[in-house]
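Shared between the two complexes below is chain A, which pairs with chain B and chain C, respectively.
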Partner chain A sequence: MSPPRRRDREALVRPYLITGGRAHPSGRALDLTALVRTERDTGYVELGPEHGRVLRLCSGGALSIAEIAAHLELPASVTRVIVSDLVDQGRLSTLSTEWDRHGPDRELLQEVLDGLRTLR
Partner chain B sequence: MTKQHSMNSSLRSGPALVIRSAGMAGLTALAVAGAVTVVRQRNRITELTKQLGEHEAELEHLRTKRLPALAESMNGGTHTQVPGPLGGGNEHGAAESVESLVDGIEEVVRLTREHVEQASRRTLTGVLDTVRGLAAEQHMAVSEMQHRHDDANVLADLYTIDHAGSQLSRRLRGFAVLFGAWIGQQRSATPVQEILRGAQSQIRDYQRITVSAHYPEIAGSSVEELGVITRVVEPLVLVIAELLDNAARYSPPYAQVAVGVQPAHNGVAITIDDAGVGMPIEEQRRAERLLSNEHVALDEIGDPPRVGFAVVGLLAARYGLRVSVDAPPSYGGVRAVVFVPNESLTHVEREQQAEEPAAAAGEVRQGTTSSGLPKRSRRDRDTTAKQAPAAVPESSDSATGLAAWQQATEANSTTAAGENEGEDSHA
Partner chain C sequence: MGLEPSGEVYLPDSVSTAVKVLVLGPFAVGKSTFVGTLSEIPPLHTEETMTRTGAVADDPHGITEKTTTTVALDFGRRTLSDRVVLYMFGTPGQRRFLSLWEDLAHGSLGALVLADVARIEESFDVMSVLEDRGLPYAVAINDFSSVEMPPREELREAFDLLPGVPLVSCDARDRQSTAQAMISLVEYLLTPSPGQSQESA
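After this line comes the complex of A and B, so read on.
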């Protein structure tokens, strides 16, 4: 595992701009491991380029919020706001997992952990 | 003997007569010459007295009128007219000598000012560098904190600090430009869209800015691929930010400011339209003057400093951009146009991972794990990484890691996000 690369410079587009100053997700709070998948990608997203990128990113299969955040190089809390916007609009759907019904089981956590580790 | 005597005496008296008459003539000549000299001297005295009078008048004029006017025009930066000499058309008169004196004074003042200006710039740049270093450090820390903390309330607070930090950074870069110092960090070639949104991030009323999502196709580059070369990125961000700030500041607080990109001859034009009340004509003149300046003296900055247009003008001149600001009478507000020439444009490779689906459509069904989690491959990774979702890490590490992970999720902590951030960057 290689250590996570640190950002060597500040991002030009700031997180508050990406979410329009909103720090709180519009819908219900989604966990970092919540899986989301693109329902419909109309190409043009009036919300912003990052919203469009999330839709394209999740169009091939479900991704967790932590994974999306890593792909976009955005803070998890900011990613959560973006994902929440898209879920509200029906463009993204959350996959109900065992977690939602019974809480996390060890096997699932192991897989998520392994998955997250490979991100490094 | 007597005759001889008389002859002798007459012979003797001859030269005396000659001498006497010669003496008379000499005296007369002397008298004439004296008279001429007296007349000439009297004339000279009159002339000198006149010249002295002229000098005195010229000096008095210099002291009471010209020097104060000169001082005012050189210090105030106002358009004070410095009166000319009293003159009188005399070529070698008082006017000319005083004129050369005035030139000398002007030269001394100019050199002194140049020296003071340079020394001041050096001092200010030094002071600015210290402040910029600290501000950059703080801004970087706030960026890191936003990645580290996964709490909406904390994020809201960090937004406030980040926003203030971005504005501070913009102001400091503006001053650096005015002081003739380095503008700041160099960035890699960046898409125009990112530049516009980056500029938007740096102003107070960023929420009133609408950046158009529609871009022209230029030289085969579409939407996200139209970029700006390294050297011009930071200057262009600052130019746009200053113009956006100006547009937002001088338009009603409820009105939007629209930013668009249009193809232009040999480049692109970035337009910034506000719905303000336009611009008074003297303000427009001021803007035009500042935008065309290639040098701004420190004493032109003003107190309180109004640096926006001055910074834009300097950057435009230095980096080959063309900027115009006008308020067409038929139009409600002010339109600023920034022309970026083709030489400064480039094709930016789009960020593959962010743009492409992370998992191919087929893979979800094919490769689900026993718990129903999708397996996915990451194209840019090496083979070990590709196999990784299915591979299980070393068990000793796994158990402790898992326990920590479980604990972390229960506590709704942010460890995972913190550890994974910064991955897959394309710098």
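After this line comes the complex of A and C, so read on.
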């Protein structure tokens, strides 16, 4: 008798569990669309050259994790770890859009729709 | 793009909410084109690590192997109001990239499935996985003008679309057309579906 087949889904391990991409306080890895801002302009305690590059880029304004990764040509997993380090140091803050299992509220969807309609 | 991005590279300070939509479909169906057309910034690329543990084929002892791959993602951005920004991620829709787009799907509003009218069956895989995961989607048929577009009802039947799932034709190079495809998806998300509670419990 052969064991029951493992379903495909159970065979999947989320990337951050393996890569060590650091988790957010929520327990999830930072989303690619988490928005990153500079928190305060104190002296920088050297953590590494990549951390310095992220801080310099972010000093210009808000960007998502995905954009930071793209502009600095870093893998997303590495970017998450660096941003998390800098959040721990109080130098960056992140803002993730989280919603419950019922999904985004109608007000937000309507705002998205109105914005898209101006593009036609 | 220069090393020191400036100006509109950054989001307006007032933006506080990011929403995301996945743009899925087979190779060369127009995903990157679509994202680039709607994006307010030049499309960007990054790499996401995808790890998969899989049972070694038909191994009776349940031995598994672990493989890590990096997958290139392209994405774009469009600020939609003072407060809301939309990110669009174009990603290969094949099943072997499932763990990647399953992770991307977390927190997504929904997905646009692109299909080429000459090979619509290549989009079926994506659609069934989205259905399994409960992520709402709209189908945009990219009109490459190589084949005559069949009547809408025939297409709906061929795709076996549930009632209400939007089906639009789309030229991924055209701003109005891509905006309209995105609008169809969001209008669909705003349509109360039968059995779906309006209150959050």
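FYI, the second predicted complex is superposed on the first by the 62 of 120 C-alpha atoms of A that agree within 3 Å, B and C clash if a C-alpha of one lies under 4 Å from a C-alpha of the other, contacts with A are read in each partner's own complex, and residues count from 1 in each chain.
Throughout what follows, contacts are C-beta pairs under 8 Å (C-beta built on N, C-alpha and C of every residue); 3 or more make two chains touch, one makes a residue touch a chain.
The shown structure was predicted, so the numbers you read here are calculated from the model rather than taken from an experiment.
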item: Which superposed partner A:Ser59 touches (first chain B, second chain C, both, neither); value: first
item: Which of chain B and chain C A:Gln110 touches, first, second, both or neither; value: both
item: Shared contact residues on chain A - chain B and chain C; value: 6, 8, 11-15, 17, 21, 31-33, 35, 57, 60-63, 66-67, 69-71, 75-77, 97-98, 104, 106, 108-117, 119-120
item: In the complex with chain B, residue positions of chain A that touch it; value: 4-17, 20-21, 23-25, 31-33, 35, 44, 46, 49, 53, 56-63, 66-67, 69-73, 75-78, 80, 97-98, 104-120
item: In the complex, chain B residues that touch chain A; value: 139-140, 143, 146-147, 149-156, 159, 162-163, 166, 185, 187, 190, 193-195, 197-198, 200-201, 206-207, 213, 224, 237, 353-361, 363-364, 369-374, 376, 385, 388-389, 391-393, 398, 401-402, 405-406, 409, 412, 414, 416-417, 419-425, 427
item: Chain C-touching residues of chain A, taken from the complex the two chains share; value: 2-3, 6, 8, 11-15, 17-19, 21, 28, 31-35, 57, 60-64, 66-67, 69-71, 74-77, 79, 95-100, 102-104, 106, 108-117, 119-120
item: Chain A contact footprint on chain C (complex, rising order); value: 1, 5-6, 9-11, 13, 15-20, 38, 44-55, 60, 62, 64, 66, 68, 70, 73, 75, 77-81, 83-87, 89, 98-100, 102-104, 106-107, 109, 175-176, 179-180, 182-183, 186-187, 189-190, 197, 200-201
